[in-house]
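Okay, so here's the structure we're looking at.
Going by the order they are written in, the chains are A, B, C and D; count residues from 1 in each one.
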């Protein structure tokens, strides 16, 4: 089926990789390596890509670099892949500019993280106005992005209950711990909720989530898709077994090392990972050797 | 004495206003009103200005707007006023670009807030490298800016003990609660420490701080300078009495309302305050009326 | 099957009520009402009772009162019900005394919350020694109790991986958010993990948990057992639907009002709830009326 | 002057030691060593003692042990020393019992820490009722005890503004960071506020505090009294210099190691310190050797 005729729900059902942004040792942006990573992921069962998210170190990119990154991904992304672009900024004004721009570049969805610099002032009333003002004018549908670890605040269930009524806010990526089902209860089963971490991907599906945006999908897309596919096929026990494998992988990589770990694992798996941009540090040589061993023993890398 | 011959300590001794950035109701930047505010502050006893800080809503400004704001302040600032420019960004790379640019525009100091998006990864080792890389190349001396409320993390005393040895890192603005003397103890009395809140300005001076960057100096510069001048003149009791007045003022304005409160009070005091940029809300009419009354009763506004 | 021959796993599989402790308006302990509540619960499908837990306000009871409460429950508890006693205290010493005493009174399990007064000192090493010293001498098997909301700290997965090897530590009640599957992964599927909140009871079962200790089981035991029974019977969809009903109930009662809400709902459901002991406040009359209405509309109370 | 005729303010002006409770290696209470420590402190310039506080590990004592500890201190305390007894418990009821008992044993003041098990329910309204109910019936005047590190919650300034009006609540020990002057502003200068940490003892005096309850006074009473005496004598510069020495001492002992550190330092200074009661660990032999060296180098111990 061509994407044009798919419902939002169909477009969002499955696994997305929050694309890591390649840099060289000096911190220069490497667009060719980005393109090459995407081409490789195009062959996987991934539903699509989230560009300019947390794992993309979007806060460490100049605005002009963000544009290039999004352009690059959109230009090489396979036809059947759905592309979400992170366009949340600290001001409503700048978020609107970025959302319109992403839409003009033909991103399928924009993804809005909450402004967090003035986190204590981000009451439900403030967030409601902020997201509505953007959604009102965004040419493409909006997904919210709830990530207390980086954005400090956690969306309240009443905020989600209210904002999910907006016709142009069609779902949310939830990276908070232990709130997934509460958001679904508040928003209703039509709201497209995606797990933002592999650590509860299966539970999210069980409770009614449509998919996941999983950092480890950057280097292990098939392991992620397997959970989804088994679940869809009604193979409950096998899906759960795979979920526990995924959790192990996620703990060793993203849980322990964050973006730097994801990039190291990408290198192992023959993607271009490279170092994160400073201030973040890459893994030390010892950490890399140990991680490689662990992933090999766990069966995620060929010996 | 001409500024050229002043030591860093002399340049930093006194009260600084963290300049608020004027917007109209639609969120457009108002540079004329900014210039006019600065001209009025030029006549006060303020030691100088911090441009593009928290109260300047710098995270809500486009990079091009930041440049214009700094240019405007530098162009109208009186000769005897010292100008610090906020140039901390989420990446080391962008912080270096911003610091060089501010220096080329003739800011006297750059002020570096910590990257905080990946706050959990901001170990002392990471922050040390980050700040050193910037300070190594910054053409003007660097001040650190410690503000856990907006930057999530609090600098450790051992980080400050270590980093204060860098020849181009000459001081810090500390907006954390209850750590001021510990930082001075760690860095040594030569380190130029400034209070980042009126709530402990006097205690900071008592313990060996050189001055303060006080949000309420945007509309009440004289009340702030009074504490400093009385302290300098050895009038301990009177300085403390004024400090308690300042605390009251600070609680009612910045403590309760943040930037939006500072801007409302600026309007009362015949500066241009205006609304903050969205997502922040301005005070409601009721809040403004009540605040105006309180400030009048407390003697900060003429009836 | 007689309880004597049941495995720990069998004894722990199902729903437990963390028994609320009845007081009169002056805060006096009401043992008769406690006995009467238990007799009524004896007729439900509950697997058993947790006495002297958070919902039992055990921290607000004198040690002598704790003894009486446990005695009372044990004396009227039906033969087929399993009784866990909360015996975690701030010192290892006192926890041992309490655990031995509970065992001598014939409690089936003791439940150990972490000491939390010196929460910052409660490293894994400290907690390991603490729990092992108690488990080494406890005549009955030990369950850990992980509840960051009241005990401040959250058990690390590596602590649980390690401590679950102790032969006398047979399981854990987990009341933290979003960690359940990680604990199971760390401890292995043999470890008896119980959900400590109705908000994720079904997810806990799905991931391999054996049961739940659910505050709302104090007044709605059947609604809780229904989720468990449907799950056991392989009726996945229906179990999930009931889980969402349970979440709604839990949010309106425990989530919003804590123990005071549970007690108000007990009164509605013809148990003795009464007021919590001071410093806690009971619900106001308005809150009670509103809650009663909501529970009636939601179908949990007969009109 | 005999204590009987002293005002509360006079009784509270100076340095208090929050008495550590001696145990042997098995955790048994050592009352003789406690008596001997007090006799030695009787000869110092301390204003008095706080018994059954955080440093007394009161939460790790059985209620009967608490009684014995208080009895012991009261029986050997010198006539000119003022004794405060920690009587805050988790329930209002038990706090009243403990306060009456302490008064009947002739403690001069009772000190009330906030109930914290249900910290999220401890609104200002709840705390107001709790403290008032106790103060209404306490035969001796009440001091509040604000310690967020162990009691989780921080008193709001409006709570302190309100509760300080109660005729039997005469002061507060504040162990929170950076709030001291705000409490004084809220309560008025008549309220007797004591610093609960050596790290800001001097600042507290400067702002209008009457004294301090300082953990390091358990082994270094003279160094603590020196700051107070110099301040009283108007020797500002020397007092500040001593304060910085005190901070260094406090960081190395209490800051780094808590109660266990205080006890190790007591052993060095020829008091009986001994180990803390489990779950707390004593310092390792290496930590003790290093600490002893540091304290010797810093001039706090004779070589």
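Definition applied: a contact is a pair of C-beta atoms (placed from the backbone, for glycine too) under 8 Å apart; a residue touches a chain by one contact, two chains touch by 3 or more.
Remember, it's a predicted structure, so these values are computed and weren't measured experimentally.
Asks: For chain A and chain B, which third chains touch each of them?
Replies: none
Asks: Looking at CA centres, what chain is most distant from chain B?
Replies: C
Asks: For chain B and chain D, let me know how many angstrom lie between their CA-based centres, rounded off.
Replies: 36
Asks: For chain B and chain C, what's the span in angstrom between their mean Cα positions?
Replies: So the centroids are 50 Å from each other.
Asks: Touching at least two other chains at once: which residues of chain B meet that condition?
Replies: Chain B, residues with two or more chain partners: not present.
Asks: Tell me the shape of the graph of touching chains, choosing from line, ring, star, complete and other.
Replies: ring
Asks: Can you name every pair of chains that touch?
Replies: Those chain pairs satisfying the definition are A-B, A-C, B-D, C-D.
Asks: What residues on chain D touch chain C, complex-wise?
Replies: 27, 54, 57, 59-63, 90-94, 115, 117-122, 125-127, 129-130, 133, 149-150, 152, 258-260, 277-281
Asks: Please give the residue numbers of chain A that touch chain C in the complex, ascending.
Replies: Answer in residue numbers: 157, 176-179, 181-182, 185, 199-200, 202-203, 206-208, 236, 240, 243-244, 247-248, 251.
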